[in-house]
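All chains are identified by letter, namely A, B, C, D and E, in their written order; residue positions are counted from 1 within each chain.
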Amino acid sequence: MSEIIDSYIPVAIFLVVALVMPPMTMFMVKQLSPRSKAAGKYTTYESGSVPTGTARIQFNVEYYLYAIAFVLFDIEVLFLYPWVTVYKGHGITSLAVVEMFAFIFILLFGYIYLWKKGALTWVK
Amino acid sequence: MTVVIPEYITPLIPWIRGIFGLVLIGIIFVGAMGAVWLERKLSADIQTRMGPCRVGKYGLLQLVADAIKLFTKEDLKPLNADSLLFNNANIFMLGSVFLMLVALPVGAVFINGVEYTLAVTQMDISVLYIEAVSALSIFGIFMVAYGSNNKYSLLGAFRNFARMVGYEVPLGITVISVAAMTGSLNIVDISTAQGLRWNIFLQPLGCFVFFVSLMADMGRLPFDQNESEEELIAGWITEYCGMRFGLGFFAEYIHMILGSFLVALLFLGGWNVPGFIANNSFFGIIAPTGFLIVKVVFVLMVIIGLRWAVPRFRIDQVVDLSWKKLLPLALLNLVWAVGLGLYLGA
Amino acid sequence: MIPLIFYLGLAALLFSIGLYGVMTHKNGIRMIMCIELMLNSANLNLVAFSSYTDTLNGQVFAIFSIALAAAEAAVGFAILMAIYRMHDKINLNELKILRW
Amino acid sequence: MLPVASLLILVPLIFAAVTFFTKTKDQAAGLAFLGSIATLGLTLYAYLNFDSSTAVMQFFESIDWIPLLGVKYSVGIDGVSLPLILLNAIVIPFLILYSWKEDRESPNRFYGLILTMQAAVIGVFVSLDFVVFYVFWELTLIPLFFMVNIWGGEKRAHASYKFFIYTHVASLVMLLGIFGLFYASWQQTGVPTFDIRTLVAQFQFLGSGLLRDAIFLSIIFGFLAKLPIFPFHSWLPDAYTEAPTAGSVLFILLKIGGYGLFRISLPMLPNTGNPELMITMLGFLGAFSILYGALVALRQKDLKRMIAYSSLSHMGYVLLGSAGLVTLSVSGAMFQQFSHGLIMSIMFMSAGAIQTSTGTRIINNLGGLAKKMPMLAVLMMLGFMASLGLPGLTGFIAEFLVLAFSYVNLPGFVLLALLSIVITAGYNLWAMQRAMFGVYSEKFGDVRDIDSLQVFSMGIIALLVLYFGLNPNPVLNMMITNSKAIVSLAAALGV
Amino acid sequence: MENLMLLAPEIVVAATGLIILFIGVFMSPRTKNILGYLATLGVLAALVLTIQSFGIEATMFSGTVSIDALSQFFKLVFLAVALIVSVASIKYNENSDHTEEFYSLVLFATLGMMVVASSNDFILLFCAFELASFATYALAGFEKQNQVSLEGAMKYFMMGAVSSALMLFGISFVYGATGTTSIPMIAENASLLAENPIGLVAVVLLIAGFGFKMALVPFHMWAPDTYQGSPSVVSSLLAAGSKKMGFVAAFRVFILALAALQPDWQLAFTILAVVTMTFGNVVAVSQTSVKRMLAYSSLAQAGYIAMAFVVMTPMALTGGIFYTLAHAFMKGGAFIAAGAVVWMITTQRTGDLQVPDHLDNFRGLGKRMPLVALCMTVFVFALAGIPLTSGFMAKFVLFSSAIQAGMTWLAVIAILNSALSLFYYARLVRYMYFLPPEGKKIGLPFPYAAALLLATAGVFAMGLWPEPFLQWAMEAAKVLI
């Protein structure tokens, strides 16, 4: 248990560095950089013309099906991680391999279904 | 000749590792600068240009000059930007690469024939961990894009998202295929176990899928649809300027270096080289690390070279590539790897 | 060792936040997020118990429940998208055809 | 020996099923008539082979149904059930004949339901297992519900619901009592059984007096509501009135409440925790129903409604006679059921005929029908006379037996009931006088007398009323045999 | 390797679902009609295999799967429902482009329910529970263009998701107190649970979690909306199948695993059962949508079944288990009949199209669709507990068990409720037979007729010859005692 804690001490150090570094840098920039005020500077860039409306609008989510598919496939990969470390040896090799192939096989059915249904085709 | 390691060091090892990590951050920053320089020079060579050559010998100090310029640029934040998201996005980008660095071994020393890894921590699941934290940067990208209230940014971020979503899955599956060979998720184990049988030879398909997915994950050309300047100005980074941009840019390059490390460690045998036997001479101690660095630089050069060899894909092509080609290939490779793993034994 | 009660307290807190969110929010996506929060607080419980009782069931359970939570969210979003396509809204207060 | 008891259920049921698929009215009625005649034949066969000198169950059959709970399909016929089966089997063919000429929609369903009803009612009479009993008991609801609801009068929906739910609740309460009885016996003996005779015999050994009272009351509640008896009668006038003629007659033939009383409640009565109280209560309810029904009938404007209330009054005799707990009073109660079925069939058929020819049932609007409808007038007169208990007709024998022999145990209540005789005579004669005699109201135009089929069917029933009024022995004998068996149980306990 | 033959029914169902999904995407909408027959065939095969395996007792996969009388019985229930639903859906899915999704979802839902029935470990139980839930969420919202269907699905999903979170949280406490997720092991360590205050928390959470699925008041909010909104065949699956899954899970979890906390959950179930049956019946009276009425009646029926937890004698459990099968036929059939009417209304374009299952649309059904009306009458009378039907036998055993256990008051409440229910059932019958029809006679499509006849056959089989079913239910109850 303590080994685990120990191995996360460096992680904590790194995390602190990552948290502190950008604000520090920006603080330095604030000290060093010149400042001037002009209204035009603060508009967002839209190819030179005056921006129309906000960018935070609802629009057609073409990626939606990909996102769903990703969530499912990525989660299913989750089951492979623990499996991959134990499938050899431990006296369960044949069962583990057969079961995981069944798992992947079922996954494949879903994959083919998605493909044929056009969920993996870019909507345009 | 044997080297004696004093007893009292043992309890201090976590702290030594932490300090080593901090040093590593510095080194990696310098490395990133080097990578930028390398890219510029290499690109110039490919296009038969000179590249940077004014500041310092071979333009080596160009980056320092750039840094100074960035520090003295005004920090601009567009109107209606969400400052909470906009200001803190860098934390995710940098945090992502720093946290990756924690688990990544950057080399190894052999003392008395025993291998000591040059890594900040020794995790059992370092591959999984690296994959997980490497995905954190997408949050930074999305925060910038949504925070800056720019339509190009938002579109870029969405594209980035669609691409990430597509390539994470084959990436994960190929990593699993590699892990299946050793039965371990510890990157050091994987690297050590390769010996002469580098994974690139055992699983060429896996290596290909992994490399392509990694490129896409890092947003390297030809997979930079999120900032394709012909369509989206600069994509998600349009409103990011000055040092903020600088930090994000840096994070990207560090990400690229770490990605190259991953390729080298997972597929190119890590610090193993055929014919090399560890000894306690000075060369023997630093040589493995050196081999690894050489491999990493080689991978970096391939990545940079590809930028000029392959034109950028359209976003739909990119997504199709991942879902319809790489994913089946990755699954195929997994089956192959499992079979091979069983054949080669535990 | 961190005492078990800390984990349980955190989990209970997250769970309560999630439950509160589900009950008070009208936005479908927020509700689904709150439900995820509830599920994850349960996962936290499971993992904490697993470590404190020195059994692995909890860890395994947590992995399964993560997968199930993902699938749940997928189904939920699919229904939500269908509603969005029809109403152009995801405010669930708008759903009031079925009344007695 | 034929398995008569089962066949009596099966034959009408099969004919009913076939009848549902017929196309025309004649086919339907013909087939139904055939079925009912077959049933009548079977009943006569049973009657001829019946030994009326013993109270033992005859034609007994028993098959395991749900062994787990000790449920058996067991049926049999004895002196309590045979007269009632006979009543059913006799009246229904003539009911079908009577209604043959009437026009109505979907006659196939109409006649199918009549036969279904017959099967269900006979099923109640022959079953010797509480579950089978309850099954048929509930099954009788459905044909009547449909009957009233499809072919009934204006307020048929209301009437059918009221009837359906009212009696269903009552049966559920009865079911509770049956459960109580079943489990108490199971606990006592360790053998689950639903056999009516076994459970009734074991009743005296079960649990505390309070438990026995509860079981008894909840079971008898179902019977009283079905009979019906004064506080539970409110479904009766509506249902009887709104039903079509055939439906009303079917209601009349629904003698399952009284049957349950004799078969189940009376043998249990002496063994309840507080028999005196029970007897007093039942006696009071009976006597009061007699009086109440008569009084209310006096006030009715609607002919059918009046007959319905008079029916309530008649049912009071059944309860009073049962509560009397003397061999002959109980036999009188049984005979009252039999006679009431015959008499009321005539009454309702007449009322139905009047309604179809004149279009109204309001007594005050009628008058002088005897001139236009002489046959009807004769038959109806006979019915009214029997109803008020004219000697020489069945009603007299039944009422006489009840009143005379209940006096032994319940003198007060008998005196109360005697009051009603005058009232009964009053309303019967008054209604007769106003409807049949007096000035003929021309607004009905040229009404036709009942057709020959109707005359025939009503006439046969009327003849039976007369016959059994003069010679009740063919059925009374077996009733007396069984009453003895029932009463001897009570006598053993000194009540 | 385990003897996979013991799991043959599950494997058949799963394989049929996958094959349908797989070949369905390669077929044109017109040829897809054959998928319905394929699904029916698969379910039928599984049903035969299940009945064949009656009497076998085994545990598999290190004790996580328990093949015993309880699981066999409930598999029978779920497969019977699946059979009725898949037969009826042949018409519902005619010329649809989504046939393969529909059938595979139905089969996966059935699979989930079947696995719940035989799971002996909380992990498997939860996974299977969710499998069935997800499939039914999708099925409830199957008519993507139909606002009502989507609304029902959304409510179902939200409530279901919250309930599974509650359940998982509760399970985590059970696991924490006992250190195991295996149901027999938890039962062995019951003392740990009883001493620990979090045991009580777990019971509360688990009752809430399972209560949602069983649709016990006050966890019923989704049920009327979902049953009304979903396609009728799906409502049939939900009411007849999915609800029973909640019951079998609750049987295993409360009676087997949490036996130590019996006083606590028994009290809770007492209140829930009484409130549920009363509420369901009272509210059903005022409904004008037939499916909604059936939904409320379904609540009431759940209240009756929950009596098994209150009385807790072998007899009561037998009755409760028997009731689930009886209710599956009655309620499943009733929803299919409502579905046939909805089909008629929508294809004829007459009557109340806004609410196609409105009571007014049932006017004169006896003339328009004689078979549907007849079967519907049988189902509602069975639900009301008229003799010779399965409903009577079920109530007979269940209610009488309350009396046996001395809980006469409970039996009285149940019986009064049962009488009350007759009111709205009789009203439906009145609409079908006694009111004039508003349209011409329609030929009934074969699938609906077949499904209705199947359900009717079930109702009568259980009503006329209950012995084998009772025997099975009793065997199943023995597992719990």
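The rule is simple: a contact is a pair of C-beta atoms (placed from the backbone, for glycine too) under 8 Å apart; a residue touches a chain by one contact, two chains touch by 3 or more.
As the structure is a computational prediction, the values presented were derived from the model and not from experiment.
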Among the other chains, which touch chain A and chain E together? C
What chain pair shows the greatest number of contacts? A-B
Per CA centroids, the chain at the heart of the structure shown is E
Geometric centre distance via CA averages, chain C-chain A, whole Å: 20
Could you state the distance in Å from the CA-based centre of chain C to that of chain D? 65
Can you compute the centre-to-centre distance for chain D and chain E, using the mean CA position of each chain? Integer Å is fine. 42
Rounded Å distance between chain A and chain B, as computed from the means of their C-alpha atoms: 15
Multi-chain contacts only, two chains or more: what residues does chain C have there? 71, 78
Would you pick out the residues of chain A that each touch at least 2 other chains? 74
Identify every two-chain combination in which the chains touch. A-B, A-C, A-E, C-E, D-E
Mind pulling up the chain A residues that touch chain B in the complex? 6-11, 13-15, 17-19, 21-22, 25-26, 28-30, 32-36, 41-47, 54-56, 62-63, 66-67, 69-70, 73-74, 77, 80-81, 84-89, 93, 97, 100-101, 104, 108, 111, 115, 120-122, 124
List of chain E residues in touch with chain C within their complex: 122-123, 126-127, 130, 134, 137-138, 141, 144-145, 147-148, 150-155, 157-158, 161-162, 164-166, 168-169, 171-173, 175-176, 179-181, 224-225, 228-229, 283, 286-287, 292
Contact footprint of chain D on chain E as seen in their complex: 381, 386-388, 392, 396-397, 399-400, 403-404, 408, 411-412, 415-416, 418-419, 422-423, 426-427, 429-430, 433-434, 466-467, 470-471, 474
Write out the stretch or stretches of chain A touching chain C in their complex. 1, 61, 64, 68, 71-72, 74-76, 78-79, 82
Can you tell me which positions in chain E touch chain A when the two form their complex? 1, 18, 21-22, 25-26
